[in-house]
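Written below as structure tokens is the structure these notes are about.
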Amino acid sequence: MTDFTYTILIPLVPLAVFIFVGLTGHKMKPIVSGLIGTAGLAFAAVLAYITAFNYFWIGHTAGTGYTSIKAFEISWLHLTEHLTIKLGSLIDPISVMMLVVITTVSLMVHIYSIGYMKGERGYHRFFAFLSLFSFSMLGLVLATNIFQMYIFWELVGVSSFLLIGFYYEKPSAVAASKKAFIVTRFADLGFLIGILMLSFNTNTFDFQTLVSPTGPAITQAGGAAFMGLSVLSWSLIFIFMGGAGKSAMFPLHIWLPDAMEGPTPVSALIHAATMVVAGVYLVARLFPVYALGAPDALHVVAWVGGISSLFAAVIACTQTDIKRVLAYSTMSQIGYMMLALGVSGFGGHEGLGFMASNFHLFTHAMFKALLFLGAGAVIHAVHSNDMSGMGNLRKYLPVTHATFLIACITIAGIPPLSGFFSKDEILVAAFEGNKALFFIEYAVAGLTAFYMFRLYYSIFWGKETHYHHTPHEAPLVMTIPLMILAFGSIFAGFLPFHNLVTSDGLPFETPTEWSIAIPSVLIALLGIGVATFMYRKVTGVPDKIAGAFSHLYKWSYHKFYMDEVYLFVTKKVIFNLISRPVAWFDRHVVDGTMNGIAGITQFASVKIKGFQSGRVQQYAFVFVTGAIALVLIFVYLW
Amino acid sequence: MTGTIPLMYFLVISTLMFFIGIYGFLTRRNLITMLMSIELILNSVNINFVAFNKYLYPQHLSGHFFSLIVIAVAAAEAAVAIAIIINIYRNFKSIDVDKVDQMRY
Amino acid sequence: MSITDFLTMRHEVLLTILAILILIIDLNLKKEQKHYIIPIVLCLFMVHVIIGFLPAEGGVLFGGMYKTSALTMMMKNILNVGVMIILFQSNGWLRKPDNQEKMSEYFILLFSTLIGMYFMISSGDFLMFYLGLELATIPMAALAAYTHHQSRSAEAGIKLILSSALSSGILLFGLSLIYGTTGSIYFDKIGEVFTNSPLQILAFIFFFTGMAFKISLVPFHLWTADVYEGSPVNVTSYFSVISKGAASFIFVIILFTVFHSISYLWKDIVYLIAVSTMTVGNLFAMRQKNMKRFLAFSSIAQAGFILLGILGGNVLGMTSVIYFVLVYIFSNLGAFGVVAAISAATGKESMDDYDGLYATNPKLSLLMTLSMFSLAGIPPVAGFFGKFFLFTAAASGGYYWLVFIAVLNATVSLYYYLLVVKAMFINKNETPLAHFKSDFLTRVGLVSCMLGIFVLGFWSQIYEIINSLSIGITF
Amino acid sequence: MNSELMFFILAGMILIFSVMTVTTRRILRAAVYLLFVLISTAGLYFMLNYNFLAAVQLTVYAGGIVVLIIFSILLTSHISERAVVAGWKQNLLSALSVVAGAALTLITMFNYTFTASSEPASGSSVKDVGTALVSYGDNGFALPFEVISILLLAAMIGAIIVARREKLKIEEKEIRREN
Amino acid sequence: MNILSLFVLIPVLTIVGILFTKDYKQTRVVSAIGMGIQLVLAGLLIYLYLAERNAGNTAAMLFTYDTVWFPTLNIHYSVGVDGISVAMIGLTAIVVFAGIFASWMVTFLSREFFISLILLSSGVFGFFISLDLFTMFLFYEVAVIPMYLLIGIWGSGPKEYSAMKLTLMLMAGSALILVGLLGIYFNSAPGGGQLTWNIQQIARIQIPIQMQRFLFPFTFIGFGILGALFPFHTWSPDGHASAPTAVSMLHAGVLMKLGGYGAFRVAMYLMPEAAQEQAWIFIILTSISVVYGAFGAIWQKDLKYINAYSSVSHCGLVLFAVLMMNQTAMNGAVIQMISHGLMTALFFALIGMIYGRTHTRMINEMGGLMKVMPFLGVAWVIGGLASLGLPGLSGFVAEMTVFVGAFQHTDVFHRTVTILATSSIVVTAVYILRVVGALLFGPIKDDHFLQLDDAKWYERFSTITLIVSIAAIGLAPLWLSDMIGSSLVPMVEKITGMSIAGLF
């Protein structure tokens, strides 16, 4: 057993960078703060690689399962006699995998940003926030207990808020950041309630205790039904609500497209590769509890994932903002991962979905980060997000073009690029788990290929467009990360995930199911073909098709009016129907009562002034009558 | 000499006189008549004291002396009151009680 | 008369001598020397006050008509201190040319009423009580009408003398019935034989209304405001503080010693009266603009609080009433002192004239504020302790709801006390009253109020002394 | 029999003149009716054998107070002046209140059995009265006697001070004109 | 000299010192020195307290000092602290200190201002150290009344109305308290013997249950009014809106805590049986407070109103937690008091500073201030994040403790209200972000904002003091939580130990 105590340094280094750059950044040259941030992350990345190497290979005896190791833990807050919030680091396959993913992507994004953010106001602020995010995200994956996860979960949310709202003078950015925060906050409420329920029933926050097949969660908390589901199921559904919020699952996804208001590297890091998969990570982290304790909750996960992936894929086909297309694509891909978890069982080959989900998470991080960074390079070059204003950029941006194409092929699932392998495992798992979902995923695979190549052709092919000033390839500091990630996208599929990251820690065999893989590849090729046909050259076909399916097109284009629904709920219901009446009630009823008491007193004071008429005889009359009344009362009536 | 007259007779007289005095005090507009009503009240009280003393507790002269003192006090009171009434007359040119209501509410 | 008897009666005897001395001195002073009378009287009265504090045993004289104890002496001393302060504060006003010629009469009348109060407090029977009451009232009417060229003063005088005559008539009627039903006018005797037959209750109620008139309890209070407003300021302060304090003392004593057998009944009456007094007093006080009238209604409300202590009905009640009156003397005299000083310097008595006073006369404003806080019962000034102990006394009798009503009333009273504070500190005024400096003696009076307001609360010794003296009086 | 008749005559006079005192509209007549009431009361005292008290009643009340009142009437009103009467409302309310009060009091009194003391009566001659007046023991009244003198002195001074007409200064006249 | 008495003595000495100052510059320096000493003393107290506890002293109250004041009524001047009071004293010292610096530029009648302010703080300190109900009540009122002058003279807007309303409502609250305290006193020896005002002694006996039923509502509502219990909270928005900066800070930051502190130190601790019986009424009211305050804040446009309503919500959570009656929730209540005290003080300080520059508090008239005053902007964001419960800042610690504690009840009623209260974290986020967005972000609405400057040194000083405290608690809550928790044990035992059957 290797000592992994040093893993706490992985999040702490970015934290130190954040504090240092945050407090002193405005005094240093911008580039210095960028370099400090990058250096910090590089250090963390190296540590993460060492950890991974140590965990998977050095400290591991071949053939045995991977165990989870609590490398470090301190008490942070005592709550009840059983419940204590602790902070620490937990090392197991998925956390190590996540460490690698996060540090890698984050490092790439840092490097990329040095070039991308050049000349922006608040350069140091950007890097400070990036470091803060990295710290939070790393803390999240290392969490030893669910409450620590929640803590970092919130921190991640706030970093995301800060980064989306980075261009705080832009009202749309501010609105987007608010929306992102509030929607995820709402989801976190579910998460919190779930935690409270789970911890109350199991008396622990600790992951190791929770997921243990003999632990209290699985053995004890199954009973006590409410509306047909056990308490455990309910709490897990609530917890999943938090995950769904963070991972932009339907219907809590609406913040994600808007979040593209943030700087593109941020989208790459947070809203593609890392933070949005936190939900997947969360479910994966509690997977044994889901799988063994509450299969009902797992069904919810599966269906939400499936619906989200289809839903997002349909919308992605019609969007024109390149980042939004990518955002919906992200949502769709995460749907895949959720679905995979949802259809998975526990242990051995049953846990194929679990493995596939994590596998896809890994590959997705690579190619989606690549896509975003590539999109960033495009935006950097043309200063616009709107693909209808782009075209034929391949000759101006050769490196970007090449890497982008690689990413597109990967996401479409064409072998032998990494996307193919991971997606194939998911489809197999779905096929074994739930046929309906399996067919949905086939459709999604086709749609994915279609919209990705629609995007690709619209940007790099299509019409010859005139730009204000000639687009030029991004500087080396930006293209190098693209190339590294492209490399990763191509080869990540060959990693032996079934040996490393499995539901029960034991390796199992996953032969490629060609009966499933071949149709899926064909479907993908079909999608690519349609996209090529429609968008490679400027044709009238897309408009015709749009016209033919005008309703579907319109609904899809308007994202199925989800934003409007939310707007209705927030503006109309909460703001106008709750908050405004509450404010009115407070002013006029509650406060009115208080003022009314004062008013009545004043009124009474004026009303009774007649007694003090200034006439002695009236005084005397009151006197005598008072005396007689007292006699009457106390002699005869008492 | 008083053997055949019950105590209650005296009390009835004094009570009636007392309330007549009060009535006068409440209804007479002239300050001096109000003062006279006061004298009626005090007089009725005196009758009470004296009658009780004579009929019930003749061993001491408490009621008798009480009456005596009340008479003296009434005199003092009347003196001061009349002085003030004269002052009122100078200030208000009237001794109508309802005119004396500068201060109210 | 032996020396012990003298010591027993020293308050009354000395003050009588003092009054007569003043008369004699006044006759021998030339017209332009008249103003020497003020320092002379002050010195003599100071001596009187000091002698009053000499320790002495209580005793019974004149066959039980005159009773005194350490407790009643303490009461008299409390009144003495208050009168002393009033005399200091009267200085500025007395020296005005209008009053030059009748300064000594002012003192004589004041002292005779004080003698009346002494006798009232020390009375052992209803005759002496009645006599003291009248002695404390009739010259007061003359004092109220003291400023003749002001019609308001005369109006105050006539309202007082007529109302008080009526009330004492009713009180006397009650006393006559008490005499008729018990056969005695002595407190001890009556206390032994008093029962709860209807006629006796009726007699008691008649007596009660007379006392209620004196302490200005609702609905027997209506004279108060008019008389307070019309009288000269210093007389008003004398009314509201000394006169009311003395009446409260004897009221408590009589209720506790004479009518203890029907305490169940008078507690109900007092409950009812207390609630209405506090409420009505407050409701009227809220609207007042004339400071004297304002303080009149405030003093009515304060009287309602005193009743709370009476309801306690034991050592605690007695102590709290006396202590409250002591505190009240200082607080109210502080307020009246400021009103008097301003009135003497500028002739202004309306609350509106006080707007922005802090800018020009910060010290007066400060004293006024402290007095207001003390009257309202806000710590750390003494009024808080006074009120708190009253409430404690009432609560000891289980009257929690009454305490609640009382404290709510105290809150309402805080409203109007704060109005004064607001006028002085917050309200803007283009032409605030000009800065002025009061004469030395007035300032002594004001400063002593300030000291009293601060010291009395924290100095628990005083409360303990009163408490130890009160122990003898209970039933 | 004789004394009873006497009593009823006096009682009748007292009541009738009392009512007349408070109802007549001529103020001077009211004073005279009051005088009759006071004199009749003195008659009652005589009947009860309290001669000294009766004498005091006659001298102080009838001789002193009523005369004072009459003087003040002469000072402040014209003889022929008729008093203004109060409104019917005031009269009615006052009457109601007073009748209720009287009724209550009388009913209460009638329901009470007065028990006379069995102790022997003391004399009420002028000598007895004088002795009691200066004795300072039990049931002696020296103290009230002394105190009443202070009261009378104070009342005198008070009356003088209130009634004394001062030379009005010019400014005071102005004040009055403003009023 | 007992160290606790110094907490009352130093403000008094400071006031005396201020009396001798010549102008506002001297005044504020003297005030700052005085309150600085107070702050150091508070730090020392915390240190001494922890040291004493570590040394194994398990007495309920430490540093006690007791002297008879009014022997007849058994009134004592009795002081002592446990972990809770120590924490509250620390809070007070910090807020007062920050408040002095936030009012650095008060030049109008500055002597009077600082005297009133420090008098108020002495009342608060006195309240927290008191073990005797009488002195506690005395200090309580001392703390309340200077408010009138502070708002009335140095306030803004409808200040006279607000000042009067605030004072009267709080005094009405103290009316209720007074009845409660007197009732407690007269029932403090049900078996005969000496009556007492001493909290610790009363806690040893059981007040007769029928008296508890009568007295508990008085006491609890009385303190609840100061703790902004629905529907008696309406003094708070108006009062805070009109009050000058430092006063809002002190009032929301510290004074409202007197309510929460009193509610459980007096009402619940001494009358546990009635508390058990009647808790449900107040739980409903407080959960309304929590949600209602948050929703109320959404609609407001005036910064101070927003913060006032947010205080209603947060203070509602304090009382809510107290009523949950278990160790964890009550611990959370105390932490929430401290946390809210610091946060809200920070907010009010910032509002004052922003208002001093922009001369408006309407959020729709402002925008983009982050650009012109980054320091204040960042401070605001930090405060906002603390308020909406971001981990690493104090609000999170408090809220989580409360929620976990509240969740220990298994019945439907408690569950429902707990979830209701928990949902406030979302609503809080809504209004906090709304303000942040409207105020700091977006384009600059008014050109003259461009000329505005950032915080001055004293403003930074004030702000940083508070932020550091917030972060310190947020990052390392364990010592605080344990300090409070260990002191809570006897109280919770008393409150829950004799539970009445049939409660839910």
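Which chain is which? They are A, B, C, D and E, in the order written, and residues in each are numbered from 1.
FYI, contacts are C-beta pairs under 8 Å (C-beta built on N, C-alpha and C of every residue); 3 or more make two chains touch, one makes a residue touch a chain.
Here the structure is a predicted model, which means the values were calculated and not measured.
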Joint neighbours (chain D and chain E) are A, C
Can you name the chains that touch chain C as well as chain E? A
Taking mean CA positions as centres, which chain lies farthest from chain A? D
Pair of chains ranked first by number of touching C-beta pairs: B-D
Based on Cα centres, what is the most central chain? E
Measuring from the mean C-alpha position of chain A to the mean C-alpha position of chain C, what distance in angstrom results? 77
Separation of mean Cα positions, chain C and chain B [Å, integer]: 27
Chain centre separation (chain A, chain E; CA means) in Å: 37
Per-residue multi-chain contacts in chain E, two or more chains: 168
Residues of chain C engaged with two or more neighbouring chains: 127, 131, 134, 138-139, 141-142, 145, 148-151, 154, 157-159, 162, 166, 170, 180, 183, 198, 202, 225-226, 287, 412
Tell me, which residues of chain B touch at least two other chains? 11, 18, 21-22, 25-27, 29, 34-35, 51, 56-57, 62, 65, 69, 73, 76-77, 80, 83-85, 87, 90-91, 100-105
Among the chains present, which pairs are found to touch? A-B, A-C, A-D, A-E, B-C, B-D, C-D, C-E
What part of chain C is in contact with chain A in the complex they form? 158-159, 162-163, 166-167, 170, 198, 201-202, 205-206, 208-209, 213, 219-220, 222-223, 225-226, 265, 268-269, 280, 283-284, 286-287, 412
Can you list the residues on chain D that touch chain C in the complex? 104-105, 108-109, 111-112, 114, 117, 135-144, 147-148, 150-151, 153-155, 157-162, 164, 166, 168, 172, 175-176, 179
List the residues on chain C that touch chain D in their complex, please. 16, 19, 61-66, 101-102, 105, 108-109, 112-113, 115-116, 119, 127-128, 131-132, 134-135, 138-139, 141-143, 145-146, 148-151, 154, 157, 180-181, 183, 197-199, 202
So in the complex, which bits of chain A are touching chain E? 75-80, 83, 85, 147, 150-152, 154-155, 158, 161, 165, 168-171, 173-175, 177-178, 181-182, 185-186, 188-189, 192-193, 196-197, 199-200, 574-575, 578-580, 582-583, 586, 590-591, 593-595, 598
Provide the residue numbers of chain E that touch chain C in the complex, in ascending order. 69-73, 75, 134, 137-139, 141-142, 145, 148-149, 152-153, 159-160, 164, 167-168, 171-172, 174-176, 178-179, 182-183, 185-186, 214-215, 218
